[in-house]
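You will see two complexes here that share subunit A, one where it goes with subunit B and one where it goes with subunit C.
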Partner chain A sequence: MNGVSVKEADIAVLPQDNAGSEEKRLGFWLTLPAQCLVLFIAVFPILMQLYISMTDWSPLDGIPWYRAYELWIGFINYTDLASDSRFWAAMWRTFLVMIVCVPIQFLLGLGLAVLFVDEFPGKRWFYSTLLIPMMVVPAVAGYMFFLLFQSGGPVNDLLSLFSASPVKIAWLSDPSLALVAVMAADIWQWTPLMFLILLAGMISVPQDQQMAAVLLGASWGRRFFTIVLPRMKTIIIIALAIRTIEIFKIFDTLYIMTGGGPGVATETISVYIYKVTQQDLIWGYVAAIALAILIVLSVISAIAISRMSKGANAR
Partner chain B sequence: MRRSLPFEFLRYAMILLIIAISLVPTLWMLSMAFKPIAEWSASGAALTWWPENPTLDNFRFIFGQSSSELIVSLERTAARPIVASLLAAIVGTLIAMTAGTAAAYGLSRFGKGNNLPLALIQLRLFPPMAVMIPLMIMWSFLGLIDNWFGLAVVYGIVTLPFAFWLMKTFFDDMPREIEDAALVEGCTRLRVFAVITLPMMRPALASSALFVFIMNWSDYLIALLLTTRDWVTIPVYMTSLSSSMTGQLYGAKAALGLIAAIPPVILGIAIQKHLVRGLTFGALKE
Partner chain C sequence: MTQIALSNLGKKFGSFTALAQMNLTIGDGEFVALLGPSGCGKSTTMNMIAGMVDPTEGDIRFDDRSILDVPMSRRGVGFVFQNYAIFTHMSVRENLAYGLRAQGVSASERNRRVNAMADLLQLTPMLDRRAAGLSVNILQRLAIGRSAVVEPAIFLLDEPLSNVDAAFRSVMRSELKALQRQFSQTLVYVTHDQLEAMTMADRIAVMDHGKLLQVGTPLEIYNNPQDVFVARFIGSPGMNILEGTIASSDEGKLVDLASAGRSAPLALSDRAASQGLPEKVLFGFRPEQVNPDPNGTMALPVNFVERIGARTILHLGGDGLEAKAVLDNQIAMPSIGDILRFSIDPKMVRLFDPVSGIAIGGDI
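Presenting the complex of A and B:
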């Protein structure tokens, strides 16, 4: 704190020069805690991961992790990964959930945003109510859908109502239907997020051009597709990217609903990694899977971010 | 823009329909939480949409009081997991907000060409699953497994990107003139930050902290991997309820789910103005 009072005196004499170096120093100290945390969670663990992934180490072996070199196997974990059919099936299943859920969430969210874009009585209440699903703890949402899809649960009850004969589908223990139930839960929980982002984007589209188009007699559909949607391009990309990334990580809801089962019918990539970590305990192999995924994602995100910032500069 | 009457009617009809659908799962769990065991809908029994004999037994049960119908009593009650969830989420929020706010201010005012923002976005891209092995090894090395503080540190790091980006956009929005005036008066940068900027940012700090708290409170996976017994959080405890008991404890789990779900829903609605900003890393401000 002594340094501070000296600084005050300095500034009074030489405001220009001193302010510059002081700012630099302050900028460094202020960002230091965050930098350390990132280093702690990113750089060091990844190096450790690289090391473990070259070994056949497991916490059951009775040797500490730093002596894992005694079980050195080189790249064998990685070559195993290439021919691990359960891994690739989990990967495919994750993509399946992605390509089904993201478009449905997008279209529903966009439709809702259109309904909410201008003022009407009760808008605030409806808006808040619609956001509730995304605020529910995902694990709890998983339990909600677990209850809904029981064979004696409300979903079957409603279906019986419509089909006039009692429906007893065992959703969560049928390999071909369990994934549908999981997707329903994801769509229920995350459509509000799409809606929230798309609505914010839609509201921020300037009104003047739309007014001009109205005066020229353009139909609503024409205005929407030629003026509103193109203006929302960046926001749409952000919304789609957020959901795609989050679905790639899908775990909580799904794991509570089905535990990845029946069998491996709903085993996505996170569930697969979790199971190998907790049940099979071959951590050397898990490290290899995790690192491979990290590398692929880093490359993709680096390309995406550089393209997006280039696009932002061009505008 | 003026729209016709049929359009208005159609709009309300569609909104109400979607709201009805979107509330079913929540309401079903709500009704489950207040049902006595006889109405839990064992596969044979007819389904009741609303509890016919509403009861608080499920809530009493998870806090250790066995009722006439549920003779099983719990080895561990829900009280400790609730404390664990609160402790880990609150301390995690403090860590994220402290580091995030400092870094956000530093970069918003005098940080050009720093690559921390992008590093933080990348951090968010990665599935937490993918760094879990080293983390579990490190944490057991440091004795932080099954420890609320160990969990809080991970939460702090995981939500740091949100704290940082939210605060950065708030700092970017703040007019510089006030700070500049104080600087001319002879205040140091640090004093300006502590005495002028931070107090002005109180509402922004509050909503960012609530946002980060919701994120921490919602976690399941990290707690599942890093806690085993003494410091399990509510969602982990909830899943253990059925596996350790004979049969499913539908009502008890629903009661617990309700307790877990209420805080984020209330807080989330309170800060809904800033949700977009937080969720899109400040790319969009409403």
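Presenting the complex of A and C:
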């Protein structure tokens, strides 16, 4: 590039009042088709759901979905939902799995990250081993835990070692224990992801600030809680948000282990939706449930994002 | 308020020797600058004193007590990092109070000391601001204050002025020196900028390639470099070093500089005279000592004229003999291609051994 063309380029970049807004307008028109497409892809399924949720439509009715207005029932699906005790029980179970699993995964992941942030012999080997659960297909993990928690399975064998008489707990068919087994599977499978995210965050905490803290006389704990953790705030929020949202969607592992049973003892929101969709075939109602969950998840994400931007401002 | 003694200190990273055989005693309350180009081992030395790096050889003593097994949080060393390492997620006050809090100082005492330090460093107006958005100049003062507030016996500064602008740097030079007098702490200052070292330090330790080459007051280092590297490194521009051979004349020994002419008869010290001179020597003189003189015994062509305001730097050279001259603007300036005839005061000539690079006879 010669000197003249550099100058021209500079002038084009300068924020001149008219040229600037003109350029913006041109950019707007040029990207409009693509923007519309993206918007359509993102919004269409939601709008379709909203539409269906106002009807009593089911694929068995013999009319295409866009003619579902013939079965218009207004907000009845939503009022049904509000009084659907099975829905609220599934919501509560999902919430229970979330408040048990996410903190445990977080603490285990954080503890592992603390161990792995420093060098030690065999680190690479341990590191790769720890990440294996994350790579197991959830359906396979479900089958593994299904076997582990059989009444004659390894979990009971292990517990038998510590007790006088052989342990024969029917984990998956006892309504009060089945959810525990499901939580164990989720913790096993998803702690590595938490660990990986938190380790990445911990490594990126500036070394010199940690050194400065130590040189000022800070103990390990003080350094960890006043420098390392606050600086990991953004990544911690991301990790917690990802896991919280994912647990709302917990399905395959659970479905293979218990099928939502015994009875409805492990029926989480996704399993409930699946059953209503595939067994009861009332799709209008399913759409209403799905929208309700979408709203819940949006609120969680919005909280996470606002906390994150606060954290980013503090830096 | 502590004396630091480094004895035979060395550090190897694998097969690479970052520092070897470092012997240096830094007196109580002394301001010592470790000066050298990048990679000379000065930062490694500093990090070993602080405890961030463990030496592979030798010992470090504070007041005759080896501190190698003392963890860095208990060495009582204040450290100012090159990029300041300010805790940007905290306020200025929290930064200043950090060390006091870590040492369990009571809240009232902590407040008193933080406020006093903020006063001293003119940080009071921004005490409750977040450290994140502050300018480099303020961050720098904050970094010093944060270390100083816990009253460490030893202060280590790692190139603290390399990130600030030139105008502020000159202010900080005098301010740092004043602060050090006030705190009367032992202070080790790492820098590659000789101006900082010359203006602030009580003594300068010049290092290169992991070796300590010379320790002395700024004037000793400037006037009597013990080594060709030190001679060239100190001064701006550094000392001219020309290869020459010793010749005899009626008035005594002098140096034959081939096409550049001959030096005036040498004013040899007794020690140099008794030591005897090698046949070949390196002939050193400061560019400021070049004295234009139509009857001078030395002459070199002018290659380039560099005007820097009050003074002008002449680049002289030819036939492998390169030198610079710094002249006042008052005199008639030669132009490019002219031959500059000049003389050097024999007292200002420094001779070095061409093989070892070491100064001949020490003080001449």
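Methods note: the second predicted complex is superposed on the first by the 252 of 315 C-alpha atoms of A that agree within 3 Å, B and C clash if a C-alpha of one lies under 4 Å from a C-alpha of the other, contacts with A are read in each partner's own complex, and residues count from 1 in each chain.
Here is the rule we go by: a contact is a pair of C-beta atoms (placed from the backbone, for glycine too) under 8 Å apart; a residue touches a chain by one contact, two chains touch by 3 or more.
The model shown is predicted, which means the values in this text are computed figures rather than measured ones.
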For this session: For A:Ile305, decide between first (touching subunit B), second (touching subunit C), both and neither.
Result: first
For this session: Look at A:Ala141 in the shared chain and tell me whether it touches subunit B only, subunit C only, both, or neither; answer first, second, both or neither.
Result: first
Exercise. Between subunit B and subunit C, which makes contact with more of the residues in subunit A?
Worked result: B
Exercise. Taking the superposition as given, does A:Val214 touch the first partner, subunit B, the second, subunit C, both, or neither?
Worked result: both
Exercise. Which partner does A:Ile227 reach: the first (subunit B), the second (subunit C), both, or neither?
Worked result: second
Problem set entry | Touching partner for A:Ile132 - first (subunit B), second (subunit C), both, neither | first
Problem set entry | Which of subunit B and subunit C A:Gly261 touches, first, second, both or neither | neither
Exercise. If you stack the two complexes on chain A, which partner ends up touching A:Pro206: first (subunit B), second (subunit C), both, or neither?
Worked result: second
Exercise. Both subunit B and subunit C touch subunit A; at which residues?
Worked result: 214
For this session: Provide the residue numbers of subunit C that touch subunit A in the complex, in ascending order.
Result: 50-52, 72-75, 77-79, 81, 83, 85-89, 98-99, 101-103, 130, 132, 146-147, 150
For this session: Note which residues of subunit A are touching subunit B in the complex, please.
Result: 4, 7-8, 11-12, 19, 22-24, 26-31, 33-35, 37-38, 40-42, 44-46, 48-49, 52, 65, 112, 115-116, 118, 120, 126-141, 143-145, 147-148, 150-154, 157, 188, 191-193, 196-197, 200-201, 203-204, 214, 234-235, 238-239, 242, 245, 248-249, 251-252, 255-256, 269-270, 273-274, 277-278, 283, 286-287, 290-291, 293-294, 297-298, 301, 305
For this session: Flag every residue of subunit A that touches subunit C in the complex, lowest number first.
Result: 206, 208-209, 211-219, 222, 226-227, 230-231, 314-315
Exercise. Subunit A touches which residues of subunit B in the complex?
Worked result: 1, 3, 8, 11, 14-15, 18-19, 22-26, 28-29, 32, 41-45, 47, 49, 95, 98-100, 102-103, 105-107, 109-111, 114, 116, 118-138, 141, 154, 156-158, 160, 164, 183, 186-191, 214, 217-218, 220-221, 224-225, 234-235, 238-239, 250, 253-254, 257, 260-261, 264-265, 268-269, 272, 275-276, 279-280, 283-284, 286
